[in-house]
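In the two complexes that follow, subunit A is the common piece, with subunit B as its partner first and subunit C second.
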Partner chain A sequence: MSLVIKNITKKYSKKKYALNSVNMEIPNGIYGLVGPNGAGKTTLMRILVGLIKPNEGEIFLNNQCMLKNIDYFRQKIGYLPQEFGCYKNLTVKECMNTIAILKGLNNKNKRLEQIDKILKEVNLSNESLKKVGNLSGGMRRRLGIAQTIIGNPLLIIVDEPTAGLDPEERIRFRGVIRKIATNRIILISTHIIEDVKNNCDGISLIKNGVIKQFNSFKEFEELSVGKVWQKTISEEEFELYENKYNILSSNTIDNKLVIRIYSDERISNAEIVKPSAEEGYLSWIKK
Partner chain B sequence: MLLFFKTLSLELNFLVRKVYIFAIFLVSIIYLNFGYNIMVIEGLRGINFLETITFFVMILTMGSMVLGILNATQEKRCNFEELSNVLPGFWRRHFAKIFSWSLISLIYSITVTIVLIYFFKKDNTGLEIFSLEIFLFNLLQLFIPMISFWIIGYSIEKMFKKTISWPLLISLWYFTLPFDNFLYFPVKMALNQYTENPDSGSFIHFGINTSFGCVSRKLWFLLFGIGLFILSLLFKNKNKIQKNFKSLSTIIILIFIFIFSFFLSLNSINFSSEELKLLHNYKDINLSQLLKKSNKTEPSGKVTSMEIELGKADNNKLNYKITMDIEKIIGNEIIFTLYRSLNVKNMKINNEQTQFIRKDDLLIINGIKSNNIKITFDVSGKLPNTIGEITQKTLLLTYDNAWYPILGNHQILIPINIGNYKVAYTNNQILSKYKYDLIIKSNRKDIITNLSDIKGISFKGKDYGPLIIQGKYNINNVNGLTFVAPVQLYNYYSEESSFFRKHLKTTLNTISSQYNIEIDTNIDKIFFVKLNNNGTDINSTFKRVHSNYFFDYYNLLNPDQSEKPRNYMNKQFNYTNIIATILWEKINKENHYIRGSFIHTLVELSENGDTNWLQHNLSNTKRNLKFNNLEKHLSDEDKKDLEELKKINLLQNQNEIKFASKNLLESWIMRNRSN
Partner chain C sequence: MDKKIKILPFSSDIKTLSINIYFLILGYIGLFIYQWFLKSGCDTRFIDMMLPMFTVFCMGIIILIIPLFSNLVNPMANELILSLPLGGIGYVLIRVVRIILIYILLTFTIYSIIYFTTNKKNFLGHFVDIKLICSSFIFLAGFGLLVMLIGRNPIYAYTSTIFLFVFSYFFRGSGLMYWHVCQWIQPKPNFSAIWKLEYTMFISGVICFILSSIFIKNKNYLLKS
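This part shows the complex of A and B:
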């Protein structure tokens, strides 16, 4: 199974591109789409779920053109928008039931059976009779991901899934995503590298509507190998370095400032270091 | 479809949880009860109550608009929209939403119908037999405005911010108020018609009447709401991919529907006024001709039998086929009187096509070869209400009016002075002197005739002519008297049928001895109908055609029925009414102007001797004669009558006035006798 995105272009005006000839090929598994705010992630997500029509390009899911028959493919897609909510006076189970009916699941027994199974998978079985309005942020996110699985979709699109969650919930959420990733494509849009690092089989970076695709996280990390330098400086020197170089991070150790710099050229008195994933990402977006 | 019903049950499930919906409905039912049983204003009972339901509709439309706003606000807040917009059941869900609202509104309308029928039954109005009509009325007056405002409230709230949506909705509610006198605009807007009253007027013999205009405007408003709903979905949801060719076409079609249906709604105002239209089109009547003395002869021939077959209801048009057997025809010419607006499409004598001459109200047939003939007419046309009432649902055709060919040369209309420089026409009662065999067949259902005590479509009997009535009337034989009244008033009036008979007989005998005239005091049938004379008749509340007595229920209406009919009738219906009617039968009025114009005044003068009204009437007549250039057409008798009236006006003593007035009246009658 694969999702192929070919030359997708979305213009907001004649000169302003939200997406500029985006090409991607995404196999089964979890795939991360990382980029800063305004990079074009949400636009791409909305094109994939049929909320926005691109100006150019085509999308194929299992070699079938999605854009020409979006109504059919809506049944094959699960979508968790960045801001997910449901009627607050419904219980978790009722909310799932509502979405299942809207997804076209007709048979009552099968529907309820599937809902129970999914709730178990996302660890919400105990909360099934709880009102949506009474759920915590993390639980609501898990309910969000649970509803995407209804109808056993081929493609699940998740927009900024862990934004606003505490670390514990974030870890739990990643676990849920991993659990449901069998035999389908899960595309996660995020600007949190940790979400991608620990979970994704593939990754793409997006900036100003342009995509760079990596086959693995390792490949992504290698993006800035040999280009990240570490140097210890005094606090007074910081402004000077900030103006001159692309500073990725700074830490104070024993009243000294340890900075890490992205640079293609050698920096005097600085040692080359192995970049972290975040630094790789930052170095790329700051390019 | 199964999925749609599942989605519908989901939406209903959401609604049922909203307690405030039921609170609004419950409050409105309490208000209804308050209006009907506690805050009883005279007249607001039965159908009249239904007509005043508009205040209730105003509250209801406001309530349903609030429900729509609450629905939209809740959806805005719960962040479900972005997800629901990409689900396959997006449109299904939204249409299920409209259906669920409709279902709730429908259940509500049924509840209101049940409550109203309970009120009517408790009040002994007899209206429960119109349950279906009351339900249909509620569908039109409650259900459609309710659901329309619900949808509109939702759509506008969904599309705009509160700062825009609320003023917009309040304005819309204000401009669609059922009472246009709340709106101070130089140009009458059609918008206020969407929550208007039905067109039943107060004519309860129509039943609960709704016009095409009313229905079309209501449906337009619903369509407007649904159109707005679709637009709000297309524009407000983030589902921009749906703004494709199909969506654009939908929008364009909706815009066209809005524009054209608005014209339809404006246009349909014409259809909304009372079905009982006041047809006063006398333009082609030559007034001076009516005042000219004609060389009238006794009718040639005698009708021995008549068969009428009434055509199907055709709005305000009358269609029928009539066959008459006529014997003893003298000469080769025969004349019939038939009101000029009726068109004779076909005429046959002894089954052979016959030519005829149409001259104003006369049908002249020459070349009659036999003394006995069978003549057939196919007639079609409209009538002024003084001659007969014809609507889709009602009929009032009495045989003293020329709605059917009456043998002989008669004057149908008598000109009278009604003031304000106006000449009106009252019908001249053309009464046959003999009875003949009658067959009445009808393609309209449930008609009442002078040939039976029950409603039906086929009748056979003998009388002076055909009398046909249709409407929401009850008919029954009460102690040997055929009694007809609108369903809503039947029990009220029929309780005292014997009183009516006794009272009428006594009055007739008194008049007979007072004026020394012979009066037929047989009373066979009493009809409470709408006389439709529009103030141009000699008497607007009472009419007599041989032994058939007609009372105008509208003028005598005691809506809250708080008083016994005899007390109420005495208040509303005075003795002079009956005298004027009876004397009018005995007076030679053809080619006269003054008699018709003054008979009522003169009767009152003979009773009370007060000349104030006479003075007013005289100066009015003087102006009228001059304005309409009628002076030169007045007959010598008219001129003489006018002089006599002027003399009475100069008298000071009340007894003298009474005596002179009575004398003048008697002289009119005497002349008739001598004629």
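This part shows the complex of A and C:
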């Protein structure tokens, strides 16, 4: 199974491109889409779920053109947007039931059976009679992911799933995503590089509507190898370096300031270091 | 997955309406008690009871219909709902029809109580009023829903229907005469004119619902709310 995105272009005005001829090929598994705010991530996701029509391009899921028959494909796609604030007065089970009906699961017995199974999978069985509005942030996110699995979709799209979650919930959420990733494509949009590193099989970077695709996280990390420098400076010198270089991080160690800089050119008295994944990302978006 | 009409559970709709239902029922009970016990004894008791009841019932339908669909224009909720394959018949028509039918039943019960306790002689008028108020429900619900979707905000639905109501109630605009279906005020009611109004309202209401169903397909527009 694969998702193929061909030359997708979305313009909001004559000169402003939200997406500029985007091409991607995503195989089975978990795939991360990373980029700064306003890069075009949400636009791409909205196009994939049929909320926005692109100006140009085509999308194929399992070799079938999605844009020509989007109503059919809506049943084959699970989507968790950034905001999941609907049906707050319903219980978890009623909310799942409502979404299952809207997705076209008309057989009541099969539907309820599937809902019970999914709730167990995301550890929400004990909360099935709780109102959605009374769930914690983490539980609501898990409910969000649970509703995406209804109808056994081929493609699941998740927008900023771990934003605002504490580390424990984030780790639990990653586990849930991994559990449901068999035989389908999961596309996750996020700012959190750690989530992508620990969870995703492939990664794409998006900036100003243009995409760069990597087949592995290692390939992504190599993006800035040989370009990250570490130097110890005094606190007074910091402003000078900040104005001159692209500083990625700074830490005080033994009363001295240790800075890490992204630079294509050699920096005097600085040593070259292995970049972290986050530094790789930062150096790419600051380019 | 099949292509049958998707019928959402009625219990979910009632829960979605949440506190609105209780407010509405409390309003009716309060009004009824007030009219019944505090304004009794005079010849105009029937009119005294019918007018506010008519007003409250007409506005009540908006309170019941708008919250059912307000998720479509709520930026915290609409992205998920709009990404689902919503069908016009299951998502709009069936939900609206069953709420209106129950509401009509409630109206019919309360009107019957008023008629049989105040104005038993004019039994025909009872059905005329009920028929007219049903058309008002359909028109108001459809109009309110369409305005909410166009304006992408439920407040527009409430304010525009209240404005329409107040305007026609006080000024008796000819096209909006249905607000004065209280035909007992007239010595000789013109029933053919009333039917015409009723059909016009019914058809306008249905058109509003059809337009609303089409509007729901315009997901990009609704997402901007």
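Throughout what follows, the second predicted complex is superposed on the first by the 287 of 287 C-alpha atoms of A that agree within 3 Å, B and C clash if a C-alpha of one lies under 4 Å from a C-alpha of the other, contacts with A are read in each partner's own complex, and residues count from 1 in each chain.
Note that in this section a residue touches a chain if its C-beta (ideal position, glycine included) is under 8 Å from a C-beta of that chain, and two chains touch if they have at least 3 such contacts.
Just so it is clear, the structure is predicted and the values come from calculations on it, not from any experiment.
Chemist: Superpose on subunit A as described above, then tell me if subunit B and subunit C fit or clash.
Modeler: Aligned on subunit A, subunit C clashes with subunit B.
Chemist: Where does A:87 make contact in the superposed view: on subunit B (first), on subunit C (second), on both, or on neither?
Modeler: both
Chemist: Per the contact definition in the header, classify A:98: touching subunit B only (first), subunit C only (second), both, or neither.
Modeler: both
Chemist: Regarding the shared-chain residue A:75, is it in contact with subunit B (first), subunit C (second), both, or neither?
Modeler: After superposing on A, A:75 lies in contact with both subunit B and subunit C.
Chemist: Indicate the residue numbers of subunit A shared between its subunit B interface and its subunit C interface, in ascending order.
Modeler: Residues 46, 49-53, 71, 74-75, 77, 79-81, 83-87, 89, 97-99, 101-104, 106, 147, which sit in both footprints.
Chemist: Residue numbers of subunit B touching subunit A in their complex, please.
Modeler: That would be residues 2-3, 6-7, 10, 14, 17, 74, 78-80, 82-90, 92-93, 238-241, 243-244 of subunit B.
Chemist: Could you please specify the touching residues of subunit A with respect to subunit B in the complex?
Modeler: Touching subunit B: residues 46, 49-53, 70-71, 74-75, 77, 79-81, 83-89, 97-99, 101-104, 106, 147 of subunit A.
Chemist: Write out the stretch or stretches of subunit A touching subunit C in their complex.
Modeler: Its residues touching subunit C are 46, 49-53, 71, 74-75, 77, 79-87, 89-90, 94, 97-99, 101-106, 144, 147, 151.
Chemist: Note which residues of subunit C are touching subunit A in the complex, please.
Modeler: Its residues touching subunit A are 1-4, 6-9, 11-12, 15-16, 18, 71, 74-86, 91, 219-220, 223.
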